[in-house]
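Please go over the structures that come below.
Both complexes below contain chain A, partnered by chain B and then by chain C.
The block that comes next holds the complex of A and B.
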């Protein structure tokens, strides 16, 4: 499982304040704690903390890299913000560009731009593409799969290795009226998306969005995570500091034969051994 | 659109392990041996993805072995009972990359020798050869815990490979191997889950997994080698897909396992051919099979089998 840790995001109060105060310690502590807890990548999202999104992205990237070498997942739907972050990412490092839809009304070529930026960033750069297009987020299974197919096709046309491509079928808050059907739809879509290419593109989700505004957030998150792993989810943007969630993830991967069982498998899943 | 070229590639790799400490490292070895490093399965991927050349550790038994068939003891008849001379022969005449001193003689059911014997053998072999050593206990937990820490201490600073530790008996030897700066062999009874568990246990004691070599009790050709093969293969695939707890190079005990089966040692069986060729062939075939599963260090015994396997390794890992 490629685990992307979600906490360095300007939507969180502590990070927002840290950005406003240019307080490196808060960001660096989160980077270290999430790395120790098992992050493969650290998501970096400026959020709404600053008007200068490009400058803030660069500051976050530089601040994190001062303290740890965990690969970064630059999180913005604006190509210029991603590009700014990439300037500060250490040359040749693994990096994720998160995220782009298939296309936007305002920018038909947005996916091309992300692919090109990833190519320029080197062979360890990958992108997360959302099953979303200029018409918005699809609600049904078929449209999700159709958009994913177009994304995969575009990547292949451009010679971009599908193993560097992460498809995010977009999980919506279960509490939103009418959205309760979505978790099931997403799993059904994933069942098809994994056959779009060989080797299959990775699949990721921004898990915490599922429980937005709900009580029992952690329980909802970890239950769906286990279900999604059984449908081929091999990456997720999650709260790695949620120990119960991490234990469920380790167990789900074990039951799917992704990890070799040992009596101490929960310890074996810990970051020190990854 | 061009048909994409599919090359199976992996994200993980097997650890590199270097055995032996030369003068520069504070030891007295004249050569070092590096194994591991595979980034693909044997024959998979490009040549750059292949492991370092697998090596052969020739067995030297601390006391004259009583259960060896004639066909096996004959080539060593002048050196049996003298581990130092035996080791010298293995290195100078047979081209051993490593010498594996097997302390069968300390076993309570065999010669029941004590630690002073084992220490003496270790010191003598260290003096007589310059290759790195493998120091391997007798398999009796109590006796190994009594003797092997002394053996480790006698070879302190030589960066040997000492073992074995198991799920039920790992603390004493792990602690002393760590203190004496050796590498460690973790053993499992043909069981992938226990292999992982024992690696976690030694890691929890602070022993670096980068200094571990994994051992699964090996099966000989005709005696469950398919289990040994598939477990080695699964272990290797886990390493290649990024499981750091399974990312260690592997040692196989081919000599012992091959020479205890009747096909290798029975004489005068109609239709089986002469034992002089049959025995070594049994050992060589077992070794070659396990090499293909990704074995990095092979413990062997018969000179003819060693020559065959070395020849194959030289041809494949040029």
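The block that comes next holds the complex of A and C.
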């Protein structure tokens, strides 16, 4: 499981304040704590605290790299913000570019840009591509799969290894009226997406979005995570500091034969090695 | 979700002792507690406490029916023990016959017997059939599906409604060396079994067997239950007194759009009505 830790995000109050104050300690503490909790990557999202998104992304990247070498997942829909972050990422380091739709209403070929930036960033750079296009986020299974197929095809045409491609089928909040059919649709889509290429593209989700505004957020998150792992999900952007969630993840990996059983399997679980 | 509560089973010490002492209170308390916790059916298994399995089954059935009207799931591999229990089940009541393999090494047509007994017990009687035949319990996906197909075919030939048929693909303890591939195989088999007939046969599992001898029993059980529900499991023999398990089940049903979201969905969950 490739685990992307979600907390260094300017949408969280503490990080927003830290960005405003240029307070390195808050960011570095989160980087260390999330790494210890099992993060394979640390998501880095500038949020809305600063008008200078490029400068903020660079500051966050540099601040984190001062204290730990966990690979980063640069999180922005804006290619220029990703590009700014990449300038500060240590040469040759693993890095993720998060995220791009297939295309935009403006006809801007944004997937192409992300692939190009990843190629320039070296062989350890990968991208997260959303099953979303100029028409927006699809609600049904077939359109999600069709967009994923186009993403995979485009990557192949450009000679971009599908193992460097993470497809995100976009999970919506279960609390939104009418959205309750979505978790099932996401899993049905994943059942097909994993066969789009050989080797298969990775699949990831921004898990916490599922429980936005709901009670029982952790319970909803971890129940869906277990389900999704059984449908081929092999990466997720999650709250690694949620111990119950991490225990379910370890157990889901055990049940999918990705980890050997021992009486101490929870303590032995090391997601970064899977 | 059709929930079969597992605790009235002579393999548990308290029930074994109650059977030996003819102590109705222990059995009746379990019947009431499990019903309040959401049981659709109460499993009734005589265990090994008494040489007189038929008499014990009848005593258990009568003892439970004195105190509550929750449908019973008569649990024995021996047709004569099931038949004895059926004599005491109130006429016309819903009842489950748990369980029969497809066939036995002795060539005894045991599935036929269970279907006949269910037919005689009335239109609300159903059977649990194991994906197991004279060669034993299969470990792979294809043999499980093939046996399930034979079971469904036999039911159809006999005019037995597939909606009265519960297929149990037999979950093995994850702690057994080599068995870790089994949870994945079970789910892959379920992905196919649910398309064997229209309307589909039900699918059920004896969940607690999965965590036999393991640490973190409840965590393993509930993580797999969430996964299995996303692969079409619509019934399970479980410990309904495990509140964490029941909360995961409510959440899994929510995520599969079998329950409407409300902030109080956990309290609102009523499995017997699903």
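The criterion applied here is as follows: the second predicted complex is superposed on the first by the 268 of 274 C-alpha atoms of A that agree within 3 Å, B and C clash if a C-alpha of one lies under 4 Å from a C-alpha of the other, contacts with A are read in each partner's own complex, and residues count from 1 in each chain.
Methods note: a contact is a pair of C-beta atoms (placed from the backbone, for glycine too) under 8 Å apart; a residue touches a chain by one contact, two chains touch by 3 or more.
It should be emphasised that the depicted structure is a prediction, and the values quoted were computed from it without experimental measurement.
When both complexes are overlaid on chain A, the residue A:268 reaches chain B alone and has no touch with chain C. Partner contacting the larger number of chain A residues, of chain B and chain C: C. Shared-chain residue A:198: touches chain B; no touch with chain C. Of the two partner chains placed by superposition, A:106 touches none, neither chain B nor chain C.
Of the two partner chains placed by the overlay, only chain B lies in contact with A:156; chain C stays clear of it. Shared-chain residue A:248: touches chain C; no touch with chain B.
Of the two partner chains, chain C is the only one touched by A:224; chain B is not.
Once chain A of one complex is fitted onto chain A of the other, the partner contacts of A:260 extend to both chain B and chain C.
When the two complexes are superposed on chain A, the residues of chain A that touch both chain B and chain C are 260-261, 263-265. Residue ranges on chain C touching chain A, taken from their complex, read 174-175, 180-181, 183-184, 187, 214-216, 219-220, 223-224, 226-231, 247-248, 251-252, 254-257, 260-261, 263-266. Residues 156-157, 198-199, 259-265, 267-268, 273-274 of chain A are the ones that touch chain B when the two sit in their complex. Residues 1, 4, 6, 192-194, 196-197, 200-201, 203-204, 209, 234, 238, 242-246 of chain B are the ones touching chain A in the complex.
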